[in-house]
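Dumping the structure here so I can ask a few things about it.
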Amino acid sequence: MKLLYRVLPYPSLSLILWFAWMLLSGFTAGHAVLGAILAVLLPLGTRPFWPNVPRIRNLPKLLGFVVVVVYDIVVANVSVAIKVLGPLRSIRPGFVELPLELEDDFAIALLASTISLTPGTVSADVSLDRKTLLVHALDVDDVAALVAEIKQRYEQPLKEIFEC
Amino acid sequence: MDFLIEWLVSASVIVGGVFALVGSIGLARLPDFYTRLHGPTKATTLGVGGTIVASLLFFSWQERGLQLHEVLITLFLFITAPVSAHMLAKAAMHRQLKRMKGTRGEPWKQ
Amino acid sequence: MNLAFVVMLPFLGAFLPPLVERVTGNRTLLACGAAALPALALALLFNPARRVFAGETLHSTLSWIPSLDLSLAFRLDGLALLFAILVLGIGLLVILYARYYLSAKEKAGRFYAYLLLFMGAMLGVVTSDNLLLLVVFWELTSLSSFLLIGFWGHQTGARKGARMAMTVTGMGGLALLAGVLLIGDVVGSFSLTEVLASGDLIRGSELYPLILCLVLLGAFTKSAQFPFHFWLPHAMAAPTPVSAYLHSATMVKAGVFLLARLYPALAGTDLWFDIVTLAGMATLLWGALVALFQHDLKGLLAYSTISHLGLITLLFGLNSQLAAVAAVFHIINHATFKASLFMAAGIIDHETGTRDMRRINGLWKYMPYTAVLAMVASAAMAGVPLLNGFLSKEMFFTETLQSEQLGTLSWLLPLGATLGGIFSVAYSARFIHDVFFNGEPINLPKYPPHEPPRYMKVPVEILVALCVAVGVFPAITVAGLLAVAASATLGGELPEYHLAIWHGFNVPLVMSFIALFGGIFVYSQRRRLFDLWTRLPEVDAKLVFEGRMQQLGRMASAITGWLQNGSLQSYVAWGVALVAVILLTQMWHLPALSLAAPMLPMDGVAILCTTMLVASALLTTIMHRHRVTSIMSLSVVGLMVSLLFVRFSAPDLALTQLSVEVVTMLLLMLAMYFLPVRTKVESSSVRVFRDVLLALITGGGVAVLAFLVMTGETATISQFFMDNSKSGGGGTNVVNVILVDFRGFDTFGEITVLGIAAMGIYALLKDLNLASAKYDSQGRPWAKDAHPLVLVTISRPLLPLALLIAVYIFLRGHNLPGGGFVAGLITSVALVLQYVASGVGWVHSRMPGDYHPVVALGVLLAGMTGVGSWAFGYPFLTSSFTYVSLPVIGKFELATAMLFDTGVFLTVVGATLLMLANLGKLSLLDDKRENA
Amino acid sequence: MELLVAIIIGVLVASGVYLCLRARTFPVVMGLTLLSYGVNVFLFSMGGLKMNQVAVVGMSPDPTDPLPQALVLTAIVIGFAMTAFLVVLALRGQGELHSDHVDGKPDEGGRS
Amino acid sequence: MLETAISIALALITLAWVLNLYRLIIGPSLPDRVLALDTMYINSIALIVVYGIQVDSKLYFEAAMLIALIGFVSTIAVAKYVTRGDIIE
Amino acid sequence: MSHWIIAPILIPALAGMLLLLEVRERHRLRRITGLLSCSALLAAAIFLGNQAWGGDITVYALGNWQAPFGIVLVLDKLSALMVLLTAVLAFPALLYASCGDDRKGANFHALFQFQLMGINGAFLTGDLFNLFVFFEVLLIASYGLALHGRGPERVKAGLHYVVLNLVGSALFLIALGLIYGTTGTLNMADFAVKAQALTGTHAVLLKVAVLMLWVVFGLKAALFPLYFWLPAAYAGATAGVAALFAIMTKVGFYAMLRVYALAFADGPFAGLGQASLWWLSLVTLALACIGVLGAKRLGTLVSYLVVMSVGTLVAALAFGELQAVGPALYYLLHSTLICGGLFLLTDLIARGRGDVADYLQIGPAILNGGRLSLLFFVAAIAVVGLPPLSGFVGKVALLRSVPDPTYWVLLLLAGLCGLIALSRAGSTLFWRTTGEGRGLRLGHRRLFPVVALLMATPLMAVYAELLLQLTAAVAEQLRNPDLYLSAVLGGGA
């Protein structure tokens, strides 16, 4: 197992790389081999560049999380589109401070990205002490509700996925 | 079947185009930088997404086999676009750009 | 005896004195060393001289540059012999004289070396049998005289005198060169023998007036003829031995020698008479007149020299054979008495410490022996009977009387001659009376003066003895030499003439007496004349000349400064204007537009995109003072250009353009940290108008060119590439195969350029001191968050992903759009992103930070791939490929082009990172300074 | 289409030339970049324009001329190298002449 | 049908671009301009993909992918320039 | 298969890369590497010269792709001569720089080698676009070298030099594009053949292209009105670099000569742009005279002498029908080596004079100034064209083969101006001094390269006949472009 970790320090990354290679080059035996070689070599080569990446502990949860996010993106997109095209006087933007429970940098970044990807919210800043995330919302009625929703829909699953 | 695929492709392409436009309308129309920042998200997600789906379908149909490499574009965009938005928001807050009237909360000064 | 050897002897001799000087400080030995080779040369001439006296002309030729008809051809005829004897003989006397003249401090070795160089050059001039060779030696006399006149270069006068002599005689030399080349054109040869035989051909040529003017310009400048005479008095800044040598017997005689030498070829026409006589007469009179009013001993002698040179020139100009004989005779006589006078003047200078005749008086008391010598020589100069000057002056008077070329105005010549004679007597009288008598010396720097060392007088004695000997016994002393010299000058038979002291009472004798008594009378009236002279407006030719030279220098500076104004804008404008002129002038020649090829149909998207591209290009231009905005719109232009490449079937270009665009942007933003954010308006509206005009013409012109080519039909070589790409290059992406195979050498050069640029940038950045802004453009302090968490965290997984894409792009390049260059840029951008996100320190703690070796390895790899083909007997960069089959993996291609492309990849990565990382490090230096 | 491309070339070249004639290093850098864009497109257009006829063997019936593309690639790379050098030289100028004027003139005068 | 749909989509995306350029021109702030540029980059991905469908060619895909992968680096650079002045430190 | 022809490109390239690989700054090793490379280059150049003198034109098809499709290197007498000249100049220049100037900045030796690579490549290539690439190689290296050693003046001059040349490169590309667009080829020989057949619009376009080429080459050669960059850049460069730069203007002249001789000496486009070149070169000559007279520094003066030589050369080319090319090439050899030597000498003098440097004003006497003054005297005589040195031979040869009054007057005037300026400079530098010298004592190490370069002038004078015949043979070969065409394109052309 130790040897395996030495060869594959980040198995999930290797998997993504391998899969990406196959996507690009086609699903043939030759490329499977070549992709595998790259999937091993690239993480090894770039290893010094990322210390302390948390491991994915809960794969099913991750898949569920992805589905939720994609769904949110589609739905929120439509609603935001309507707001953008509608009368601008009705929108009520706001800066919202989100207290962070996540402690891992990677997880925080992922959360920030997710918030930005879903239309209507952009993560504007992370406090230097990494305890608070500043989110700009395009149209927010109830700040507390928004915070709660983000925490429940995105932060919680991430916490579970990385167990931190 | 061909018709269905063609229809789907057409629909996806149009959806992509529409959302790209909507995003840009937002960019052009919204009153302050922070609200305008939300525009490109549309282009990033459903805009490009729509065209990607169309492309996936189209080429898979043309070449009679699953063609998924366009997915990578989405993957990369999903990784990179939030970072640009984040950095731009930081830049705007640093410059203390004006907020539209009625904005709640305060931008940070870090 | 080879003449060339004799001519070379003084040149060889020039090496001797410095060597001797190194060995011994004994000045006598040094002088002996200097004299040795000229003496040998003189001795060696003894035998040939007998043959010349017997009527022979000796030739000797060594080949040098046959294709220019320039050979080391020498001739020894009477004229050459006469001058050779003067040059060597007086040269030896001058060496002896200089032994005592030069003080112990002086660098005598160098002095003798220069003197011998000059002697050689002069000897070359007089013995050349090839006109080009003559010019060679002619210019050498100018050069070596420059060194001699400027020997006391620490004195302003010496420097200026040397330069003036050099400039004037140099100008003449160039004219002479042109004249000689034209003569060569006319005659078909530079051989003097042939030229002298082709007198009629030359005089008949339509180039004759030009040739004559050019040659005379050479001769007159050298011989200080009016109006080029002004340099000579200032050359008196030279040490006196130099004056004695150059300005009596040699350098200035080169001009009249040339008149004599080319007499058969050029003389005999009215033009010749007009120019030469006029110049001679003017010089004769002016020189004689001014000489009288000089207070400087050497100045008097200098103007007297000018006057006598005018006399000689005048004689040559008369187009009479007898006059030419007289001229040659006066050359000899002048050389002897003037050399001795200069030496005497030098002695006086040496003993009294001054040359000012107003202070030097009554030296008869202190140095009677020298006084006698000087007085005899002066008398010769004045043309007193029983001395040599008298004889030639008599001949001169005779000849002026005989000339009828001026018709009814012919009396002007003898009148002028007599006037010249009067002044000549007057200044000679002054030389004698003012120096040796006229009361007591006044305030001499050295007092009391006394006779010089014994041997210093020897040269003077010899020369004065010659003056007397020739004057009393011309037939047995000089007649033979004069005869051969004159016959050589005339190119054949001699006219009847008779050298005698007494020709009976005749008009010339009357003229001589008028001159003698008139001269004494003039001198007696000197007070009044001096007053008159000082009241005349002073026309100092030297001041005029120097003023002109300075004016020339200032004008040159001004013109240069105006063109070369140090303004890049005007330099670029010149270049662009040139292109604009080309475009404008050639456009008129375009035949009516004919569209050979059908155009592609436009569509709305294309029109809109074009509009946007145009708009953003204009925005970049208009907004250039708001720099970051300008960069933004430049980026749009880049993006649009990439899309243009996409649209017109150039995916490789699109990829490259896109990735270069990103790197360029990084570069510009890095630079913006140190550059001002905005620029003020500083161009005037006129300049803006000019620039807009230039821009419109060039832009419009290039657009028209492009349109015409695009709509025309051209057969190109590219079908070959399509046909051979797969079979010969092993790839289907023809663009890539061209890059790595068909035209791989270009790519090799291109990556070298990239590598060099990176090295150059590294060198430029090394210890560059740049103050970075402490506040942003709006005066706020910078944000604290140097490495934002989201950026840092997200950019890390991007690295392996980007590398994966790089590998993909790299591998497919040979067959599909992609390749080493784009792959390299992707890799670089991914790595630079790490720098941006996490900082230089962080990155460099994880990988080596010196990219020089990467660049080198890249270029080396590409180069070695090329060299590898030598092993198989193919030229550099011959590619080779093969298909390999492996189990599971299947069939794939291995090509050397891949190896080459790897070289490209490495170079790009190395170079880009070398540039960007070092640019990024700049601010760290600034921080360090801050902290230190 | 040819007309559009010609216009693009013309505008790029004209803008580039105009900026090259400015007095500060920065616009000159921008100008040279624009100029090189223009020149690259010009060079590219010398092979004629074709749509969707990529010069890949076996993919296009009437492929576009690949040679100008290869030349442009070389030109892009060289142009990038030169731009980079010039940018750094401009910095060097700023550091040693304490001005970003192309002639090193000190900053003064002018209107904002 | 597909032809028409693609033409419409291309028109929409190009129109989007015009709006982006408009924002880039009027600003008013630097972040606004960068944002416009960033959006243009993203819209050009869509454009290239649609163009690929239109001409039935996959040769342009890499260009789109490249924009998605490294196009944002310019934006990052400007944003970092605004906040820190120095983009590599 | 003989690969020698590529040696002048690969030797410096290899040396340059090895110099880059060497991470630690071991200066001795760098110098030795550079000098070894220069020696090898010299040997190769001599070998190639010998080969070219065998008579045949050697063609080397890179990548084994024959002309006009692949890039070819062509060794004829002209390219061999130019490569040899480069090698002869490079060694002393580098030797001089290795006396200490090379340590004034980074990467000097590598840049120097790449500069040589670029120059040799430009001389050897038979392909127009490849010529562009090598122009860029030599330019980018020269940018680095011109800026080597720092100082505000140098940076300013360097900036001007770089920007002008970048504009020039853009123009070069436009010209090349037009050439490809009209003739469909890039190979010089193929271009020469195909150009003759053009008519109508394409003929005009070709004319524009070629005129633009003349502008580009004129910029490299420093012809009016494109020479403005040169005086400051050359006078500002470190001595060894300036000496090497003496050949850079000649690259422009070479390119002009090559293209001209191949395609425009004869045929329907004979004499394309010739009249303009003629007048521009005469103006250049005149302005160089003025520049020489007005120079306030010796370095500037020498730079204008370089410009002067360019005017002289291009006029000789533009006079027509290549009749003056033989003498022009002799003059080129002479002026390159002597100007190179003069740049080195200028540096020695400046060192000897301390703070006053090479400014033409009163200054301290130079320790051991005697030797320097002798060298200066020799160099001045040579460069002004006074006998008996090579300048005189070259000038006489040129005057005889360009029988045009304007040219004569200007060339003779140039000599006079040079004479006036240099005699003033020399007398100021060596005679007009304030007491005893305070400058650096001269070592033999620095003196040797100067002497080596200046020795060229007496040698060239002594062996003038040999060299004139040699350059005449080069010219003869150039007057027969068919030899070149058939060698490159095969017997058919």
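Per-chain residue numbering starts at 1, and chain names A, B, C, D, E and F are given in the order in which the chains are listed.
One rule holds in what follows: a contact is a pair of C-beta atoms (placed from the backbone, for glycine too) under 8 Å apart; a residue touches a chain by one contact, two chains touch by 3 or more.
Owing to the predicted nature of the structure, the values given are computational and were not obtained by experimental measurement.
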| item | value |
| --- | --- |
| Set of chains whose contacts include both chain B and chain A | C |
| Other chains in touch with both chain E and chain F | C, D |
| Chain whose Cα centroid lies at the greatest distance from that of chain A | C |
| Chain centroid nearest the full-protein CA centroid | F |
| Of D-E and B-E, pair with higher C-beta contact tally | B-E |
| Distance between the centres, which are taken as Cα means, of chain D and chain B, whole angstrom | 31 |
| Centre distance in Å when chain C and chain E are each reduced to the mean of their C-alpha atoms | 61 |
| Centroid spacing, where centroids are CA-atom means, of chain C and chain D in whole angstrom | 40 |
| Rounded Å distance, chain B centre to chain C centre (Cα mean) | 70 |
| Junction residues of chain C, two or more chains touched | 566, 568, 572, 576, 631, 647, 651, 702, 705, 709, 716-718, 721, 742-743, 746, 750, 753, 756-757, 760, 764, 776, 783-785, 788, 790-791, 794, 797-798, 801, 805, 816-817, 919 |
| Of all residues in chain E, the ones touching two or more other chains | 10-11, 17, 30, 34, 36, 59, 65, 69, 71, 76, 78, 80, 82-83 |
| Shared-contact residues (touching 2 or more other chains) in chain D | 20, 25, 28, 38, 40, 42, 45-47, 51-52, 54, 56, 59, 67, 71, 74, 78, 81-82, 85, 89-90, 92, 102-103 |
| Every chain pair meeting the contact rule | A-B, A-C, B-C, B-E, C-D, C-E, C-F, D-E, D-F |
| Residue ranges of chain D in contact with chain F within the complex | 16, 20, 25, 28, 32, 35-36, 38-40, 42-43, 45-47, 67-68, 71, 74-75, 78, 81-82, 85-86, 89-90, 92-93, 96-97, 102-104 |
| Complex interface listing, chain D residues touching chain E | 51-52, 54, 56, 59 |
| Complex contacts: residues of chain C adjacent to chain B | 776, 778, 780, 783-785, 788, 790-791, 794-795, 797-798, 801 |
| Chain C-facing residues of chain E, complex | 10-11, 14, 17-18, 21, 24-25, 27, 30, 33-34, 36-37, 40-41, 44, 47-48, 51, 59-60, 62-63, 65-67, 69-71, 73-74, 76-78, 80-89 |
| Residues on chain F engaged by chain C in the complex (per definition of touch) | 1, 3, 6, 10, 13-14, 17-18, 20-21, 23, 60-65, 68-71, 105-108, 110-111, 114, 117, 121, 129-130, 133-134, 136-137, 140-141, 143-144, 147-148, 156, 159-160, 163-164, 167-168, 171, 174, 177-178, 180-186, 190, 200-202, 204-205, 207-208, 211-212, 215, 219, 225-226, 228-229, 231-232, 287, 290-296, 370, 377, 381, 386-388, 392-393, 396-397, 399-400, 403, 408, 412, 415-416, 419-420, 423-424, 427-428, 430-433, 464-465, 468-469, 472 |
